[in-house]
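Got some structures for you, see below.
Common to both upcoming complexes is chain A, partnered first by chain B, then by chain C.
Here is the complex of A and B:
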């Protein structure tokens, strides 16, 4: 009845903390301020809090669903909707996860292009990166988890460098509170949630967690850490920049680094951007792993071949998308699908599964 | 199973070759010209003359200051033109100081700042300054055993750290330019008998230089500008004989705005803790110190209020009073504030506490 993986392939529940955090903190941290401050201004910190809480709620719903079925999403949907419809919806999830990987990689390459090497050969860059991803993903889920752990711990020192701008910060900018209407604030929540997306891969790796019920606490804590990181950077941004100035910065977080000066390095962005590769690597690996696993479960294929196909798609789309507008369009599509799936479909699915089990139990009781 | 490691080894060896295909231009430090300072001046309606300074390292370890001058309509294009005169390509990653001629600053420097803000290789720590005179001439001279970019940046940095002038750099300028309710300031420098002098502080209305305050007013400006300060120095003369100079151990500034966005009075409360550095009218008794405190409070109050009046007449707000009001009002309206700002009564209240008088009585 249960469909959990064998013990050798499973991970300890506390590692979910790192996976959730690694997949949420990605490229969005570098430039989320402009979008949310456009309508919520100096009250945006409330937006970060509200979005974090909503995501926590969705994670709770996901656990409700997963704990009931003890299976991954592909099989849950097969059980509920039948083979064809279930597989079709699973395919949408898979495309969405793959899009997360593509968007992350493409945005990262754009940053490297704009900030460091304008003439960089993106074919080569993505190829090298994808070979690295292949190496990690082909090692299985435990390797991806390990990478998430390192991807959270090693680059963590970067967040301390955001203390440098405090010297120039005007924290009075945070006042007055409630300067914007609730409507404006709610409107930005949608934009902020995009920064938290990616946590839905939980639906795929749930069977790989040892004592999965115990991991729920860690998932919420991982989400909390993401929220704290966003909040920390946002508050410094509000103090450091004036509102109109933020609206001009495409990557406000990177612009914060422009003020950092250390005796051994003149410009910190170069270290920051290169270190960020380690933050986005688990991000891409996890999304590629999730889509690979999904395809493999639906069509019963060999995982190695699936990885190669998935990575080829990743590569082709990444190099085909050029220019800021196309990249923005791709990101927008991704976040729209993510929002619909996470915030409309998941609650719906939980409800359906709940009702179905009620009905089946009812039938069962009638039958006896 | 053995095929996987082989494949990986192949990939890893491939990586070594691939790095050559990345198309990243390596820039060797010896093969580039690092511009450290730039001077801008409009020579006619839309042509800019740009003076770039770079260090020329001599075999005997001394540094020679060298400049290149060219003019065009956009500053990045001038840089290309400068490269035509140079044996190595000019890059702007080490830019320390940019100077603007006074007339240029009066015309507005926003267009000239765009290149600094847009270029990812230029830091936010670049110092900006206005030059009274020609930046070309100023940058052409050798002032120390270093190039002028480093020299000027040390000069400004030293004065900020020792508390003589306010904190200023590219970031602060753009912050105040874009913020509502505060206007930027930049130091004005001049060249005098082969020396550089921080002559005054230029006050901007948005990006246009409109006024300046002289060196003797720096103290009042500094204690009013920062919420917390230290290191300021000040000297006054009382009556005919009494002269004294003080040093600020700490200063605190607080705004008291009972009814924001109305014409009601705004009070700025300043608390100073100081020590006497120099005094030349006999013995310093406790009673005398009390008198001196009173006299100082009077002096600071009078001069600061006068300075604020001057700002209000020019309709500029370098102290950020508007920002204080903004952070106390919801749905702040910039136009309305600008309308009422010149007529608001702004008074200064000073409490001075002399806590030390040096090692003699």
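Here is the complex of A and C:
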């Protein structure tokens, strides 16, 4: 009846903390300030809080759905909508997860191009990166989780370097509080949620969690850590830059690093971008893993071939998308799909599943 | 193709006649070797024939404990009662007889009665004395190291663990070497699953020769293509005794002065056994230094190459001038410079390892001082890089387990090449590769990066650091031991006079 994985493949519930955090913290942290401060200005810290809470609510809904079914989303949708419609919707999820991987990788390559290597060979670089992802994903979910864990722990030292700009920050910039209309703030929340996306992969790896019900608090805590990271960086950004300056910084976080100065190293953003490779790698691996698993579940294929196909698509799209506008368009499409799926479809699905189980129970009671 | 192969197999079977069990054939086969001695001896009631491999037996035992008693022998079946040594048996099976002869037994039989053969053990083992550990030397602590004799080695372990629960399972591996391999574990502590994994992997091995325990490491470890060893080899009996108490499984091989330990973790390779002889604060500090040394030795030259090839901006002004003065006259790009120096160090190491000790020292001095200084003066390398490479090499030699030290020396080369290709990003990508590789590894099915991933806080107290013995109340979770407690922590606390 239940569709959980065998015990050897499962992970401890507390690791969900790291997976949720690893998939949320990615490329967004480097440049989210400009987008949300455009309309919410110095009140955007509220936006971060509000978005975080909304995401937490959606995670709660997801657990409601998953705990009832004890299956992954592909199976749940098959049960509720039937084989064809269910699989079709699953395909949309898979495309969305794949898009997360593409957007993350493409944005990272763009940052590398702009900040470190203007002449880098995109083909070679993405190929190397994709081999890395293949090596990780072919190791199975435990390796992906392990990488998420290390990808949260090892680069964590980076966040301490943001203490350097505090010396030059004016936290009065935060005042006056509440000088933006609710409409502005709601508008920003929509943009902010993009930074939290990716948590929906939970729908796919739920059967891989040992005692999945216990993992819920860790998922919320992981989301909380993401929120704290965003808040921390945002408050420093507001203190360090004026609103006008931020509007001209596409990657404001990287600009923050420019002020870091140590006796043996300058231009810290180089080290930051380099270390960020370890932050975005689990991000891509997890989304690729989720889409691979999805395809494999729908079509009953061998995982190795699916990974190769998925990674070839990832490679082709990453290489094909060129220029700032295209990348922005891709990111926007991804976030739109993410918003619709996460904030409209998931609550709807939870509701339908709830009603269906009520109806079925009613029938069952009538039958007896 | 397949049909042909089958046919060949059949032919072979047909050619191979049913083994001739007759004893005469065996004797004939044995006497083909000149070293096999055979003579007849008339006892009181019958004519006995005695045979043995001269090199394998102790003639003193033969003359003192066997020959004088044969006179009184009346029937061959009473042999075990007549000869006063413990291993005297009667055998019919020729294969067993042959096997025992090759392990130093003397065969005694009645010329007129070939039904039963007597076998008496008179084996001699020529081995060196137990000596001081050379690979894992420690300033304090016991100074005994394993030797090539399996029985001596087991003795060294057993005298440290006088327990009936210490089980030793013996296997014979190798088609032609028939090496004795012993699997050691403590019943009631070691997890049965680990023991069975080891025994199963050993008994399923298909090889012709096992000349050293390192053969086994390569043959039974989980990933045989990984440069990282997944079983620790040690020459210290005290280390084996100690890890057996943790619930690990040890493998000792006859003819090998090193034992193997598993399951193990990546971090255990960086713990010297001496850490346990020092105070925990000092030991923890040394361990941290060693980890730093490993990271340093892998990363420092690649970072130098990356920074000097692509990222000059990273270096602060004052430091840049130092670097520029040291590099201004050098015609080679950083990668060539680094590769030349790294290869020089490798050459020195290899030459030192291949040459006799005294010549090796000379090579070290010649290489270290003359080549180093000369290459800087000749303008081939910068002195900053010379310092960096030398420090990196020094750091890589701090790894206590020799096999792991070699791995550390190897993996810096891919890092170097990637650093040359895409600078710091290359270093980061290589590092990610390393992490994923380590995540994928396992030792006897247990995760290789254990106390960190999966995170087991309890096991952290003997990984990067070592907490005092009074805090080490539980055995590591890694081994999934049957008895998880080392001792009762409550009783340990009751002692309040210290």
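Here is the rule we go by: the second predicted complex is superposed on the first by the 368 of 368 C-alpha atoms of A that agree within 3 Å, B and C clash if a C-alpha of one lies under 4 Å from a C-alpha of the other, contacts with A are read in each partner's own complex, and residues count from 1 in each chain.
The rule is short, and it goes like this: a residue touches a chain if its C-beta (ideal position, glycine included) is under 8 Å from a C-beta of that chain, and two chains touch if they have at least 3 such contacts.
As the structure is a prediction and not an experimental result, all values here were calculated from the model.
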Thinking of the overlay built on chain A, is A:242 touched by chain B (first), by chain C (second), by both, or by neither? first
Mind working out whether A:277 is in touch with chain B, chain C, both or neither, as first, second, both or neither? second
Which of chain B and chain C A:125 touches, first, second, both or neither: both
Answer with first, second, both or neither: which of chain B and chain C does A:117 touch in the superposed model? both
According to the stated criteria, A:135 is in contact with first (chain B), second (chain C), both, or neither; which is it? both
Give one of first, second, both or neither to describe whether A:150 is in contact with chain B, with chain C, with both, or with none. second
Applying the document's definition of touch, where does A:267 land relative to chain B and chain C: first, second, both, or neither? both
For chain A, which residues lie in the overlap of the chain B contacts and the chain C contacts? 116-117, 120, 125, 128, 135, 261, 266-267
So in the complex, the part of chain C that touches chain A is made up of which residues? 310-311, 313-316, 319, 422-425, 427-429, 431-433, 435-437, 439-440, 449, 452-455
Which residues of chain B touch chain A in their complex? 4, 8, 11, 14-15, 18, 21-25, 93-94, 117, 120-121, 123-125, 167, 171-172, 174-176, 178-180, 323-324, 327-332
Can you tell me which positions in chain A touch chain B when the two form their complex? 114-117, 119-121, 124-125, 127-128, 131, 135, 138, 168, 170, 172-176, 178-179, 240-245, 248, 255, 258-259, 261, 266-267, 269
Interface residues, chain A side, partner chain C - complex: 11-12, 14-15, 112, 116-117, 120, 125, 128-129, 132, 135-136, 139, 142-143, 146-147, 149-150, 153-154, 261-267, 270-271, 273-275, 277-278, 281
